[in-house]
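Alright, structures below, take your time with them.
Both complexes below contain chain A, partnered by chain B and then by chain C.
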Partner chain A sequence: MPKLFLLGIDGLPRWMWQQFADSGVMPHSRSLLSSGTLVPMKSSLPEVSSAAWASIVTGENSGGHNVFGFTDLIDGSYTLAFTSSRTFRAKPFWAHEGAGPSLIMNVPQTYPAQPMQGMLVSGFVALDLRRAVHPPEELEWLQSINYAVDADMSLVEKGKRVFVEELHRVMAARCQALHHHWNRQPWQNMMFVLTGTDRLNHYLWEDYEDQSSPFHQTFLDYYHEVDVQIGRILERLDDNVTIAAVSDHGFARQSCSVNVNCLLAQAGYLALKPSDRPSYIDMLPETRAFAMDPGRIYLHREGRYPKGLVTGDSAETLMQELTRFFLDVRVSGMPVVSEVKRGKDVYSGPFAHRAPDLILMPAGDVALSGRMNLSELVEQTRINGKHTFTESSFFVRGNNIGQIPSDMKVENVLDVIQPKQVASRRAA
Partner chain B sequence: MSETSSCHNAGQTCWSCPAVEFKGHVDFRACGQAAFRKAAQGQLVVECRRRPEIGYFDPMSITYESCSEWKKTENGYLLDGMRVLILGMDGYLGWPLALKLAKLGCKVYGIDNMLRRKLVAERGAQSVTPIQSMQDRIEAARKHLGVDIEFREIDLMDRDALFAFIKEVQPESIVQFAEIPSAPYSMADVDKAVATINNNVVGTLGLLFGVRDHAPDASIIKLGTMGEYGSPLTGRPLFEGLFPGDAVLQYKGQEWSLGGELTPRDPVSFYHVSKVQGTFSVYEACKYWWLRSYDVMQGVIYGNYSDELVAHSDLNTRFDIDEWWGTVVNRFVAQAIIGMPLTIYGSGNQMRGYITLRDAMQCITRLIAAPPEPGQYDVVNQVTDVFSVMQIAKMVAQIGREFGLDVEVQRIENPRVEAEEHPYEVIHEKLTDRFGFQSESAFADEVRHLFRVLSQPEARNRILAQRDTLFPKTRWSGEHGKLAVLETWKPAA
Partner chain C sequence: MNLQCSTTADAITSVLLAGDAVLNLTGHALNTIAGTAFVSDSGEGLKISFDDSRVVWRPSHGPALRPLISRDITRIVVVTEDDFQSAEAVMDVLRSQKIPHCHCVLANECSSDAFMDPEDAEAVAERLRQLGYL
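Coming up: the complex of A and B.
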């Protein structure tokens, strides 16, 4: 069975990777990309990292792995819980029988670390490193190098320079950890995800686009350092290893962030009782629909939620009404939603019944959020880059790979890079 | 108790629950970067120590009412088996609170250095109601109430032992009663003043470090006193520790908001000074370390009734009546029982806030049940009535007549340095409005109960045995000599 190295570069658009490879910002990538195939890939719906990485490592859509976003309400309650390895219900490729020893580092949705054959360090959201490491005895060494699962976002408040320094620090420790553990034994599978790229894109996208910005070069320098790390990895891989590199979504400019729950409240679909820190438990029974990040719309259905009153008979009418509402709604004269998808059309699998009823695709430069704090329709934020559904990256090079679909999606990654394993699992 | 008042904390969320551990902030709009300081912005993320299966979650999305770990009681929702550590559990307040909380299903732990027993004995005084050793008290609680209480003899000042116990118990609420509670004791001489300041100020300060390091999510119920405020001659209302949001300071034509600032303190003895210093220590610790506390400005407490105490005499709490350790209502009833005039200091027009033991226990329980949020410091004025000392003397004399007692009242030279004529407007709204407190005992009923208890032969003999300790001797001025009697009379029926 060919060995696998799966590199994740969170939020790196296909076109940007090619652009940086061609322009010399990422020279190692240039030689890598020329040795294999790079295609654009579609992300999960919605285009959030948690759901997309879950699809990449399981080959399922959200209906199959049960990760629809970073958050979800616990069934039959209004408890807003964060998706984790406990709620992640499909097996990642390293957990299947016969997968062999694997080194898995920084893959989102793997916290808390679950027992597996090999070593795993969870990716975000993993706020306690002590429970993010398997086997646990590896924790002490990681702590000794100040390994961090993620950068401290609050450093953005201290300025972009400080923030990017933090991203470099986190990446350096992560790469040090990769090479340290790489040496320990011959791994069958390795997966390593860099997430600083996504954080950089969120907060410095405006500097990437504005070549006169003092932080434009800072942006390029970070990608150059990513490329240096790609070069160090490539040096250690031979032709017998299937090399794949993926991102979970694309990226684009964000000019504003609109809170969908504000729209729903203004239109009378959502009603909250007064609260200093509103949450889903504050929804009143007259609520007919609510949103969760980024643009997941749930009907407040009877039987699904404790106070829900929307009946099955009225659901279709309500969904049609909401679809028209979202397509028509304007904020500052601008459209907010470009398309409304139906959950039942998008998801398949044993958890499809937990899916949102509608998924909003944001229009133009607009980003969507689903916060319950309704104080701001257009939210004040330093974020100026947003995810896109299209144009994530999929690269592969190897001798035993499957065919790349013309409409490549995140849930197809394993079909291409581990075709035999996927086929044998499906046959079983 | 009405349905509404018993559920004052139904809508509180996990953010104030001590079973929840802060994990960080995330901003899902930017893929969940984490910030590990509580002061940061973003979506709060917590984990529940009791329900780890939930994983990370938004603490605002679960209320006590909707959580399986919070059980409805007559004093609101209580965390099932809540671990409460009572410091000073052997005292007048500590023991009845231990019984009440244990009966409500809390796991009660206590410490005490038994100093109060020693100091009262040194004074030549004793509890009027006989009290058992702590070991026998705990056994009696098990036998008569069916509850288990764990006790360690630890001095608050022995920080190594205190911290080790906090670490072992992992309390979810800590009640700080372990202070020397006497104004005249603190004014008697330098050693007693220093001992009071040492124990109360340094002890509380040390405790705060122990909580920070070993139980940072525990709520701290700190007993203060209405005496911290003094009695401002301007008539300024005695707000509940902090100025209300619309309070304004005007000076030289300009205005500044005072909202949220600590109100002025004007302590009336070195004991009260120690309480004020404790207040500032707790206030700062909440600010520096995100600890959480209610500072309870308690009025003058009296009575000895609670549902648990009356279950058996072996469960008695201590009841002191001497000059140093007794409070005014309790002392007046004891004086009346043995035919001693009720001693009023000066004019007797000093106004004070009062509360019965039973009501105070309900208030503290309700505060424990509704912990502050991390970093929150708040103050309640734990008072039900405001009376002048003269009014109290007259009411006690009146009730004494119901028991066949011909009670005299006596004005004596005031041993204290205090205003004898002053306005007194106490704001005491939070406990009723926010914590659902409803008084269960009226002044007259509680005093009648005291007359019944203290007129029993053994109690009466215990009062007589310490008769010499009842008349005040401790002057704030430091001077010595018997205080002059100014006037003695029998109040009109």
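Coming up: the complex of A and C.
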């Protein structure tokens, strides 16, 4: 069975990686990309990291692995909960029988760390390093190098220079940990995710686009450092290792963030009782639809939610009405939604019944949010880059790889990089 | 055709086909539609009924399965939980009697233990706010 190194570069668009490789910002990437195949890949729906990484590591869409976003409601209630490694209802590739020893570092949605054969350090939204490490005896060394489960995002308030320094510090510690643990045994599978790229893109996208910005070079320098780390990894891998590199979504400019629950409330689809901290539990029975981050629309269905009154018979009519509403709605004269997808057309698997009824695809530079605080329709934020469904990156090089689908999606990654293992699991 | 699958009590209808009778060996009610055929315990054996039914499996039920197959009932869908000890014994009976069947293992629902611990919620929410999710 060929060994695997799967590199994750959170939020790196395919076109940007190719552009940086060609322009000399990422010279090691130029060499890597010319030795294999780089294609654009579609993200999960919606295009959030939790669902997308879950698809990449399980080979399922959200209907199969049960992660639809960073938030969800506990079944049969209005209690907002945050998805975790325990939300997975499909096994990641390293947990399958015969997977062999694996070194898994900084993969989002793997917190708290679950027992596995090998070593795992959880990624975003990991909170406490002590619960992010398996086996626990590896904790002490990670603490000794000041390994951080995440960058201190509050440093954004202190300015972009300080913020990017923090991203560099976190990346350096993560890479130090990767190489330290790499040396310890011949791993069958390694997966290592760099997430600073996503944070950089969220907060400095405007500086990337504006070549006169004092932080334009800062942006390029960070990607150059990512490339240096890619070079260090490549020099340790031989031709017998399948090398894949993926991002979970693309990126683009964000000019504003529109609160979808505000839109629903203004149009009479959502009604909340007065509350200092509005949440889903404040929804009144007359609510017919509500949103969760970023553009997941759920009908307030009878039987699914304690106060829901939308019957199965009326659901189709309501979905048609909502689809027209979202496609027509304008904020400051701009369209907000470019397309409305149906959950039943998007998801398959045993958890598809937990899926949103509709998924909104944001229009143009607009980002969508699912906050229940309805005080602002257009939200004030420092974020100026947003995720995109299209143009995430998929690169692969190896001798035992499967065919790359013409319409490559995050849930197809394992089909390509571990085709024999996937086929044997499906046959079983 | 014999199959194994996994689903939830809420999504069981996605597994069922015309001609199926559900042998529910779990303690859970299944979210079926009206008219779904169930295998139920008649006291002396097994019978087909159209009311939500659960069966506590006994080895003596084995010989009572074959007579349930008819022009209207062509397959038995056995629903168990993951840790049901007698699952293999039930499947052996179905295989030995050449009864078309599907073994459906109920996956867990998403109760609170599937999510982040409640005491972490505020810290997670803050992280997600910083990235614009909340």
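As a convention for this text, the second predicted complex is superposed on the first by the 428 of 428 C-alpha atoms of A that agree within 3 Å, B and C clash if a C-alpha of one lies under 4 Å from a C-alpha of the other, contacts with A are read in each partner's own complex, and residues count from 1 in each chain.
Methods note: a contact is a pair of C-beta atoms (placed from the backbone, for glycine too) under 8 Å apart; a residue touches a chain by one contact, two chains touch by 3 or more.
Because the structure is a prediction, the values reported are computed rather than measured.
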{"item": "Overlay on chain A: chain C relative to chain B, clash or fit", "value": "clash"}
{"item": "Partner chain in contact with A:R89 - chain B first, chain C second, else both or neither", "value": "second"}
{"item": "First, second, both or neither for A:F70, with chain B first and chain C second", "value": "both"}
{"item": "Per-residue contact with chain A, leading partner among chain C and chain B", "value": "B"}
{"item": "Chain B versus chain C as contact partner of A:D210, first or second or both or neither", "value": "neither"}
{"item": "Touched partner set for A:H202, first chain B, second chain C, both or neither", "value": "both"}
{"item": "Contacts of A:S257 with chain B and chain C, given as first, second, both or neither", "value": "both"}
{"item": "Partner chain in contact with A:A352 - chain B first, chain C second, else both or neither", "value": "second"}
{"item": "First (chain B), second (chain C), both or neither touched by A:D365", "value": "neither"}
{"item": "Superposed model, chain B segment overlapping chain C, candidates 2-10, 38-46 or 272-280", "value": "38-46"}
{"item": "Common ground on chain A, meaning residues reached by chain C in one complex and by chain B in the other", "value": "48, 69-71, 74, 79-82, 84, 86-87, 124-125, 127, 150, 153-154, 199, 202, 257, 293-294, 367, 369, 371, 381, 383"}
{"item": "Interfacial residue positions of chain A with respect to chain C in the complex", "value": "48, 66, 69-72, 74-75, 79-84, 86-87, 89, 124-125, 127, 150, 153-154, 156, 199, 202, 257, 293-294, 350-354, 367, 369-371, 381, 383"}
{"item": "Chain A - residues contacting chain B, complex", "value": "10-11, 48-50, 69-71, 73-74, 77-82, 84, 86-87, 108, 124-125, 127-128, 149-154, 157, 195, 198-199, 202-203, 257, 275, 277-281, 293-294, 367, 369, 371, 379, 381, 383"}
{"item": "Touching residues on chain B, where the partner in the complex is chain A", "value": "13, 15, 23-37, 40-43, 45, 53-58, 60-63, 66"}
{"item": "Touching residues on chain C, where the partner in the complex is chain A", "value": "5-8, 10-11, 14, 107-116, 120-121, 123-125, 127-128, 130-134"}
